[in-house]
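In what comes next, subunit A is part of two complexes: it sits with subunit B in the first one and with subunit C in the second one.
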Partner chain A sequence: MAISRRHPAALFAVLFVALGTTGAAYAAVSTGTAPQAAATSSTQVDEGKQLFLEGCSSCHGVAAQGSSDGPSLIGVGAAAVDFQVGSGRMPLAGPAIQAVDKPPVYTEEEIASLAAYVASLGAGPAIPSDEMVDTSNADLVLGGELFRTNCSQCHNVAGRGGALSNGRWAPNLMAADPKEIYEAMITGPQNMPVFSDKTITPEEKKDIIRYIEELQKSENPGGADLGRFGPVTEGVFIFIVGLGILIVISVWIGAKAR
Partner chain B sequence: MSTVTPTDTTATSGGAASWVDDRLHASGGLSKLLKKVFPDHWSFMLGEVALYSFIILLLSGTYLTLWFKPSMTEVIYNGSYMPLKGIKMSEAYASTLDISFDVRAGLLMRQIHHWAALFFLAAMSVHLMRVFFTGAFRKPREMNWVIGTVLLTLGILEGFAGYSLPDDLLSGTGLRIAQGIMQAIPLVGTYLAMFLFGGEFPGNDFISRLYSVHILLIPGILLALVTVHLIMVFYQKHTQFPGAGRTESNVVGFRLYPIYMAKAGGFFFIVFGVTTLISALVAINPIWLYGPYTPSQVTAGSQPDWYMGWLDGAVRIMPNWETNVLGHTISWNLLVPALVIPGIMFTSMGLYPWIEAWVSGDKREHNLLDRPRNAATRTSLGAMALSFYMMLWFSGDNDIIATAFHLSINQITLALRVLIFVVPPVVFIITKRICLGLQRKDRETLLHGYESGQVLRLPHGEFIEIHKPVSLEEKAVLMGKADIAPLPAPLAIDANGVANPKAKAGAIRTRMSAWFYADNVAAPTALELAEAEEHALHGASHGEISSH
Partner chain C sequence: MNELTSNEPIGSKDGIDVVSGLPVYPLGHHEPRRADIDPRAAKRAERQVALMFAVSALSIVGAIIAYIKVPNTTLIYVPPFGPVNANHLSVGLLFGLGIFLIGTGAIHWAKKLMPDVEVSEERHTYTSSPEDKAAFGQVIREGKEASGFGEYKLIRRTLLGAMALFPLPLIVFLRDLGPMPGTKLRETIWEKDVALVTDATYRKIRPEDIPVGGLVNAVPANLLAVEEEEGNLNQRGKASIILVRIDPANIVSQQGEGWDYQGILAYSKICTHVGCPISLYQQRTHHLLCPCHQSTFDLSDSGNVVFGPAARRMPQLPITVDAEGYLVAQSDFHEPIGPSFWERG
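This part shows the complex of A and B:
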């Protein structure tokens, strides 16, 4: 039962909060003496731990070991946290088929702390640097090929998203920024597969991002794109607008005749 | 507006006809033709929209043939669309990209061609509904109904062929399914597919074969059938709705020349204009996004054009049933939705005029249309068929619906598997109720006039609503209801005391006929009308009053 399961966890949480606060306080006091870089990162980890205990441990467990309400985060890496929390998916509001994008709850600094904490628990993909998502020299054409081969079966050729089984979906990519795309590929959230550097090299990842950026521009040589949903919207359009206009004209001509 | 009986030749038809007649001595022929009278109603324009879109298709298609290369030869794209530059693709796809980006007005023409194709099939379908719901298919026009059915079928095939030509990812995905359906035909399927595709899928021959079918074979047949269709409309004359002065043996409307021709010509330009406007403003089939067809690629949201959507939907809604017979797999999951259901749908559509004539026993000619409400069972059957079609169409869009409304695709499919059996009968019942209600209202209106909305207080305090009599024109419309009585039961024993061998079949027919016509609300008889008029003249007695 939920209650009997949650109780010990809550106890642990209280313990960890207490410990965490003490630790953080100690770290704050001792900043003066420790080397700069190490100190920031260890403060960050501690801060992250703190935030984690408050906001995430109820589902992911006090040591991020996982519970019946959320998977273990040991070894998911900083990239996964940055992706999940940065896109507002985490903290999850409650049981759902799939976490939804919403405005992030945490500030960028807090997200960095959370990421540092989770990364400290086990090795996993790191947050890509700016250089890694710099697409100025990327190959657009190859990116398109890779996108159509690896991504379009779920996200649609125009990146407009699509339905997966059992109410899950692959989201529309029109608002995804380069870092988010990169992180999605290396962490494989939910039903999305992980595209390791062996399957798609870092260079190729840049190419894909470049192509998605091109899609996001939504330049339409042919005119309005009707949401790029494909033939269905085109069909609805021809009936409602196309035939609609002509029938109105027909009725009007008929009325004139009388 | 002029009233002309079919035999009327006294009116002069204007200069053009006599000019031609004087030279060709085609006297009678042409001038008679030009004097043909066409009735006017907006719904009669739907067929014209279909005709004009067909003409637009012929014109724009011809433009496309100048640059399109129906070849599977592999080339490296070197046109001006950057994201595909340097990619290997078929010549067919490359030339379609060239049409889109490097040929003057090419993209506009492609879009005109494709929008016109959607228009063509949409207009044809709605035209068909008009013909069905007004009973225009009845004797003597059954053959034209059959031609219409064939036109629709060929139109769908033609559209699918065109959609498959550019060899982009959507084309290829569609063809792959078509090939699967072919292979599902028992015994001959595999050979048939091998033969048509010239080997394994996708092969090198299919696009060029499809091209001949798309630009020559089907358009040729379509053109011939459209011509016959129109000649028959001319020859049998257009039907008209009931109304003042309109009978089974006259046609009220405009002369073909000059009024109708001017109107029709003008309407052609309107259709052309609207098509071009849409094509200039709204993108259709952006093939460059889909990329060249490769069997290893797919895209979420792969859909056929709307007119194939129901077929795709039938495939999607069908449970995944297969049986193994002597080492051969029978794919019910493709056979039933892609061949059996469409076969039943189109056959029963083609035969419908005879089915209804058999049920009604009505052998008369009909030149006056039914108002849909007055043929309640037919209208309900049509609405039912339409709702069935819509369910299939929704099933074909299940992924788009799931994405757009954040629903589960599995639940949509499950729901549709139930709804496809539940919704059509419900639609039938509701439509029938509505029709019968309208029939009753019409009868009331004829007998007691319509409610004017004016309320009168009688001296003794009672409130009544003033009923006004219907106008002559409206009365003619309402009186146009032609009732058909259910067939009497056949005699089990004929006059000579011999058992009637057809009694059993006859009994089925009687039951069908009762089902079809029994609920009909009879139009008032002459006697009832006279009585009602009498009643109105003598003022209000039962809470009704009439004012003139």
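This part shows the complex of A and C:
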């Protein structure tokens, strides 16, 4: 008769460690902040120019004309600045395939000044007003249809983001606020395409934002959502946890009684 | 202690199988369990098994009560799963425990109290007895004699001919497996002067509506009427396109002369690998990525494959504008859209 070399509880212990690690991986949740839109004035443009020369011109050029390190900002509009700097993507921490959102480096006033300066260089999309992102009367059903048609291919049907080519990715929308989403649609940050106001009207943009808000609010009555990535994470989970439990039970059934 | 706890396998005596007379496989040393030799241990095991069955019964009753009593609108926070529906959780746990304890009780019973001696059973020989074989051969021979199969040559030959022909209609019937695909795989409902409309909202598109770097998911204007008529989504599956606008200076090549309109390019949305709908368009690199198997197409360079398993480029739809300034198709696609098929060539 073979003598058991392990403590009978060892397999349970291994299983619980595996479960705990899996659980911890879903624990991190972060929230983003975005500054308020502000009125443009000539002093604001001057302040913005100053900030631009100090913080941005090394890559975007002293006249925002662009360089080998960064694109031209002429005509990108205030919305692009508010999105990129407000979400912390700009200034870049270092050369990378894609800018990462992080706590903003500039204050809300400074971002408004930068936006005013860049907007003064050439016509571009303006920062959406609070009224433009007020989704209280938006059409959730149409928003869902438009989201699945235009957004879900990259941002995932549940808005959790996804992989693109060469290490790029479409970000998770769970912490995105309505203004950020609106700005992203009209400016097309990084590799995201522009969804113009003619092909997706401002009203329809509200509908899409309403749908994303609904996704952000949605509970998981079934328990862990496993990232809402679908069969891959669910398969890995049941493969490790489910098979683990089956192995433990099989070992117990097969062990010789004393 | 009963006779089964002896070290002799069941059905054998002195190492010989009592039925077949063959030697039995020798078994290892058998160690009696505590419950075999100590009546108190046996009693304890009996109580344990009975306890499991009793708790199981209580859990099953509890599951029914929980189903009725626990509100299914309350959420309970359960780490690491997060908020979980209280009704689902309690019913699931109690019902699961009930079934689980029936299983563990049965296994515990088998392990502690049922006989635990090893048993080996020898297989018997599988061949028929010589008498049976001879009788079978006799039946066949008598049948041949009685039927006269060897005697009536004409009957034998016509029978063989009839038997050889009867499967032929089955081959003819294969045609009924469905109409031939015809031109279905090669054609879509795009044709000359069909307007491009936005998917889901079905509005016509002007060239100035699409900025450089813009993306529009579009379908033909006649799609809804065709869907109504055919009652299915097949035409949507074939005719869906994406419209992108690339600075004409950055367009390396396209599939036909003048197929764009001022840098607006229309490409099929259906991957040429296995037909996933794709619009993961990266406006900086002009790459179109398929999320299924990572096939990547360069839309600024004729939709050619730059990565992945797709074997063919993404078909381009030639477009122009009509008299009112709306984007329309110049014609259908010039090559079949979607995955390859046998007769595609």
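Side notes on the structure shown:
The working rule: the second predicted complex is superposed on the first by the 212 of 258 C-alpha atoms of A that agree within 3 Å, B and C clash if a C-alpha of one lies under 4 Å from a C-alpha of the other, contacts with A are read in each partner's own complex, and residues count from 1 in each chain.
Criterion: a contact is a pair of C-beta atoms (placed from the backbone, for glycine too) under 8 Å apart; a residue touches a chain by one contact, two chains touch by 3 or more.
Predicted model, so just to flag it, every value in this text is computed and none were measured.
Touch criterion not met for A:G122: it reaches neither subunit B nor subunit C. When the two complexes are overlaid on their common chain A, residue A:N220 makes contact with subunit B and with subunit C alike.
Look at A:L146: by the touch rule set out above, it reaches subunit C but stays clear of subunit B. In the superposition on chain A, contact of A:G244 is made with neither subunit B nor subunit C.
When the two structures are aligned on the shared chain, A:V194 is found in touch with subunit C, with no touch to subunit B. More residues of subunit A are in touch with B than with the other of subunit B and subunit C.
When the two complexes are overlaid on their common chain A, residue A:W169 makes contact with subunit B while staying clear of subunit C.
Once the two complexes are laid over each other on the shared chain, residue contacts for A:P202 go to neither subunit B nor subunit C. Common to the subunit B and subunit C interfaces on subunit A are residues 145, 149, 153-154, 162-166, 170, 220-225, 253, 257. Remark: subunit B residues 1, 40-43, 45-46, 49, 82-87, 100-101, 107, 111, 115, 118-119, 122-123, 126, 169-170, 254, 263, 267, 270-271, 274-275, 278-286, 288-291, 294, 296-307, 309, 397-400, 402-404, 406-411 touch subunit A in the complex.
Taken in their complex, subunit A has these residues touching subunit C: 1, 19-20, 22-24, 26-27, 142, 145-146, 149-150, 153-154, 162-166, 168, 170, 188, 190-196, 198-200, 204, 219-225, 252-253, 256-258. Those residues of subunit C lying in contact with subunit A across their complex are 28-29, 31, 33-35, 75, 78-85, 88-89, 107, 111-112, 116, 198-201, 203, 205-206, 208-217, 244, 277-285, 287, 289, 291, 294, 296, 307.
Residue ranges of subunit A in contact with subunit B, taken from their complex: 97, 140-141, 144-145, 148-149, 152-158, 160-167, 169-170, 211, 214-215, 220-226, 228-239, 241-243, 245-247, 249-251, 253-254, 257.
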